[in-house]
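Should a chain be cited, it is by its letter among A, B, C and D, assigned in written order, with residues numbered from 1 in that chain.
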Amino acid sequence: MKAWIAPIMRGNSFRLALGVLAMALAWQLSVVLFKVPVHYLPSLPLIAERLSHYPDPFIAGFIRTASEMLIGLAVGTLFGLLSAVIMQRYRMVRHLLLPLFIISQTIPVIAFGAIVVMWFGNSLLAKAVIAFYLTFFTITVNTLAGLDSVDPKQISLLRSFGASNQQLLWRLQLPSALPAFFTGLKLAVATSLSGAVVGEWFGDTTGLGVLLLQSMYNEDTISLWSAILLVALLGSVCFGVVAAIEKRVLFWQHKQDINH
Amino acid sequence: MSQSQSGRLWGLVSVLGCLVIWEVSVRQLDIPSYLLPPFSDIVIQVSQNFPSLMSASAATLSAALSGFAIGTLAGLLLAILLTFSPVMRQSLLSIIVAINTVPMAAYAPLVILWFGVGMESKVVIVACEVGFTVLLGALSGLAQVDRRSIDLLSSFGAGRWKIMWCLRLPTALPAIMTALRLSTVRSIIATIVVEMLGSYLGLGWTLYQSVVMSNFLTVWSAILLASVISLLFFASVAWIERRVVFWQ
Amino acid sequence: MTTNSAAISEGWVESVSPRAVTKGSSILGLQNLTKRFGAITALENVSVDINKGEFITVIGPSGCGKSTLFNIVAGLDSPDDGHIAHHSRAIDARELLGQVAFMPQQDLLLPWRTVLDNAILAIELEGTPRAKARAQALKMLPEFGLKGFEKHYPHQLSGGMRQRVALMRTFLFRRELMLLDEPFGALDSLTRSMMQRWLLEIWQHHERTVLFITHDIDEAIFLADRVLVMSARPGRVKLEQRIDLPRPRRGDIVTSEEFMAIKRRLLAEIEEESMKSFAS
Amino acid sequence: MKSTISKWHRLNAALAVILLPIIFSHSATAQTLTEASVRLKWLPQAQFAGFYVAKEKGFYIENGIDLTINPGGPNVLTENLVATGSDTFGLAGGAPSVISSRENGLPVVAIGLGTQQTDFVFVAKNDGPVETIQDFKGHSVSTWFTGANHILSAMLADQGVDQDDVNIQPQQVSVTPFVNGSVDVVTATWYNELNTIRNAVGEESLRFFIPEDYGISIPRDALITSERTLANSPELVTHFVEATIRGWKYAFDHPDEAIDIVMQQSPTLERDHQETMLAEMQRLMTADAAQDHGLYWLDREKLLKTHDLLRRYDVISSDIDIDSAFNISILESIPLADRMP
């Protein structure tokens, strides 16, 4: 193997690309060899043709769903962080609020379709709210766990240096909670996307969720697969971006991993 | 009274407080019941329609539990196999992570078209949802084992199954249990989503049907039951977790 | 007294007078400290007078309440009974918070900060602007054997180097009294003896007062002006031993007759305590 | 509560302005127009061609209405959204859903009914074992349990068949089980599922059991508004209904153009399927009483029968005043000639 290939071969993204290629090949081969009916698994060229033939709704849907998801994710992350910090600082707030947060997550959002439309209309905001609803809890819980797991000895040390609560939070607790926060954020990418897609089922005209629903009821498997693949693309790209940021921010963690 | 006990007490106070605020404000402000019925009416509705709501809950719970069991087994098995084969693990992990970023909601329409309306679709969706979570949790747990401990056991003449059983799995147990706990609520919600899209049994179906019939009290009682079932499922897995991973 | 307090609040006590003179003026007086955790009495009637410029080591079996004592002196914990005098003025234990340079057992370096930024953590928290703090730390790097490593992160350092960063952090936090809690406990014996000699050099150069916990008798004697032997739970000061070995101390002092004599006496005391805690 | 809702909307509007610079810009004439919205019962398709055509051709604007068309979805109940004022108008499930909404206290009123007949039919294969309703005995019938099951029950009762002898199954999204032969009788809307079945099996090999043949006729696709809107702005309601009817008439006269307009909303739809759908909609909307009274006519006799059917099968537990649930005054205020198809 040529010397320049070796470092790329080790890269995650290269492995991912190779994996995707292998999957695509397996897909196409099984469709051709076993003559899988279109309504189970359409061949990839058919999907590509559908996407190139009617690109507009798919492009518009992708943009729409992506913006719903990103707004929800951003607000959910901020809210989650803030609530975690407050709950960590004030035990009482934690005792009072955390049970309500947990209960809120046991309520199936899809049951609230009518209420969501009633309160927020068909706006992009409505879907962002649902994405937010599915996002904040993961962030809160993970960040809280991260804040809780700060070594008490470390806190004692900084206290002995006369650190104030503020200083403790910014210099020690938040940075220490970052690994747990990123774990939560990676989970939240999927849940916020889920929220955006489900949110679009409550009477909307654009979005990947709308396309999914429409193709399901029209028994149009080609469009259905096109939409699924686009959702997968959106989810993977966002996940990849978060993972890349994590790698940069938590440089010390990865170095430690290698040492072990 | 211990810290955690008083914490739980305050949690209860806050939940009850919210219910009281709900009840009083709905009654005081004369909010029509199609917007938000008083909580007591929902409880009464649950008790009046207890048999039918219970059978719906049972249908949802059985689908969720079957999917949960299948998903857990499949996820664990796959994780063990991938741990045995590092090459497979390296090449498949990125794909698994990529697939896992796609929300279950996106697959639901496809699964309904493939498996039809009924138990199968629900079980498949829940099994996928739980399976991926358990797989990823177990993989990271199984990888946490200290190389030196493995070497030690190998020096005692342990084979890889022995090492898996005596060392890797116990080490991975906390991570696996966390994944299971996370999956509980999700498995119930996934079942309900599938039921609302296409099914003729379960709480999701009750929800759908009551919405169509503008029977809002039934809608709310189904939501209440879904929430209670999720909490109970979550609590029982958390209880098992505390006993299984007592050392943490 | 007033000048001293002013100096402390500035964060820098430059000892101008020779050590012979300053020795004897009490910085911190602990009288009959008692601390209980539920049914367990961790400390009982512990009295110590810490004088300026002294190097005191504390040795005792595990569970003798050394860490409790340290937490109280660092201002992190309050005794249930007893008095504390700071420069002969009675104070509450909590007032000591931020008045003592504390170095815990582990280095507790922040993994996301460079060597330089870890070293300045304490003075940065105090309010020293970063640039100024960094400049101060840069000047100290060679003395701590860290020259050229200022941009490294903790995970790139060896255990001995990490400990030196932690020590530098403690030295930069200029307080009359330094509390060192088994700082070399995790190091191998070769590195450890090098670090001990090096610590003495630094201590003499910077003229600080040190309270030092250790498990190692050789270390306790080698470093100290005074060794406090603590008893098994409840922790009491069982013996106070002055060490009059000449300074500066060289590595081979540990094989000298005087050293051995002191060691034998201390060993006997500690043995007795260890047996007690072993039996209980 | 009303003020709370409008506050919500104002808040949301404000948030929307802050968060999203991409806001639909209103046309220059917007100031003189009344803003209104209609909530459909499902995703865009030719079943709603009239609305999309009327909007595209500017009929609503001509009548002074700046109309937003909101599609429906699973778990989005049109009646509820109209009752709360989220949407001004709605195309609800049909006469039964309006009746049960009224029984549940929703302040909605039907001002017209789209399809004059039951919009679905029970279908068997010609070469299959089922030739008459009697043959349903011992065979499998799949139907929707959201109302169609009661009509099936009524048809069986009409023919003296005991319901327990029939293997009634819930019907899935797909009609594949019927096409595959695992189900003997399937329920299909005239405009949607039937079309799929025709394409898969062929028209000639199908046998229909039409509810109307057994004395059951349930009008569907109810045009509704809230009691408040009807009382406060009857002109708005009249203008809306009038423009909608104009839209439908235009769609019936120019089916190609109408399908073009629908396809713009949802380009992945199948054109042939949509054309058939529009044709079936035309047949159902212009049937029976519409022949004499025009589109969207409220056939009181059929409504009373529907009400009785719902009472018989305990869908509603008390009697509902049909004349306040279905208000004919709006239709009557539009000249008959304008309403005639």
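The criterion applied here is as follows: a residue touches a chain if its C-beta (ideal position, glycine included) is under 8 Å from a C-beta of that chain, and two chains touch if they have at least 3 such contacts.
In UniProt terms the chains read A, B = ABC transporter permease; C = ABC transporter ATP-binding protein; D = Thiamine pyrimidine synthase.
Computed from a predicted model, the values in this text were never measured in an experiment.
Peer 1: Taking all protein C-alpha atoms shown, work out their mean, then name the chain whose own C-alpha mean is nearest to it.
Peer 2: If one averages C-alpha positions chain by chain, the most central is A.
Peer 1: I'd like to verify one number: the distance from the centre of subunit A (ABC transporter permease) to the centre of subunit C, where each centre is the average of its C-alpha atoms, in whole angstrom.
Peer 2: 49
Peer 1: I'd like the Å distance between the centres of subunit C and subunit D (Thiamine pyrimidine synthase), where a centre is the mean of that chain's Cα atoms.
Peer 2: Using C-alpha averages as centres, the distance is 83 Å.
Peer 1: What is the distance in Å between the mean C-alpha positions of subunit A (ABC transporter permease) and subunit D (Thiamine pyrimidine synthase)?
Peer 2: Computed from C-alpha means, the inter-chain centre distance equals 37 Å.
Peer 1: Which subunit B (ABC transporter permease) residues sit where two or more other chains touch them?
Peer 2: Counting only residues that touch two or more other chains, subunit B (ABC transporter permease) contributes 35, 112-113, 196-197, 207, 211.
Peer 1: Enumerate the residues of subunit D (Thiamine pyrimidine synthase) that touch no fewer than two other chains.
Peer 2: Those would be 74-75, 77, 80, 84, 173-174, 176.
Peer 1: Which parts of subunit C, given as residue numbers and ranges, touch two or more other chains?
Peer 2: Nothing qualifies.
Peer 1: Indicate which of the five shapes (line, ring, star, complete, other) describes how the chains touch one another.
Peer 2: other
Peer 1: Return all touching chain pairs.
Peer 2: Going through each pair of chains, those in contact are A-B, A-C, A-D, B-D.
Peer 1: Using the touch definition up top, name the residues of subunit A (ABC transporter permease) that touch subunit D (Thiamine pyrimidine synthase) in the complex.
Peer 2: Touch residues, subunit A (ABC transporter permease) against subunit D (Thiamine pyrimidine synthase): 39, 50, 54, 56-57, 71, 110-111, 113-114, 117-125, 128, 201-205, 210-211, 213-220, 223.
Peer 1: Going by the contact rule set out above, which residues of subunit A (ABC transporter permease) touch subunit C in the complex?
Peer 2: Subunit A (ABC transporter permease) reaches subunit C through residues 151, 153-154, 156-163, 167, 171-172, 175, 178, 251-253, 255-256, 259.
Peer 1: Report the residues of subunit B (ABC transporter permease) in contact with subunit A (ABC transporter permease) in the complex, numbered from low to high.
Peer 2: So the residues of subunit B (ABC transporter permease) touching subunit A (ABC transporter permease) come out as 6-8, 10-15, 18, 35, 90-92, 94-95, 97-107, 109-110, 112-114, 147, 185, 188-189, 192-193, 196-197, 204, 207, 211, 219, 222-223, 226-227, 230-231, 234.
Peer 1: For the complex, give me every residue of subunit D (Thiamine pyrimidine synthase) touching subunit A (ABC transporter permease).
Peer 2: For this pair, the touching residues of subunit D (Thiamine pyrimidine synthase) are 5, 8-9, 12, 15-16, 19-20, 39, 43-44, 70-77, 80-81, 84, 86, 173-174, 176, 196, 265-270, 273.
Peer 1: Any idea which subunit C residues touch subunit A (ABC transporter permease) in the complex?
Peer 2: The contact residues of subunit C facing subunit A (ABC transporter permease) are 71, 74-76, 97-98, 100, 102, 104-106, 108, 110-112, 121-122, 124-126, 153-156, 173.
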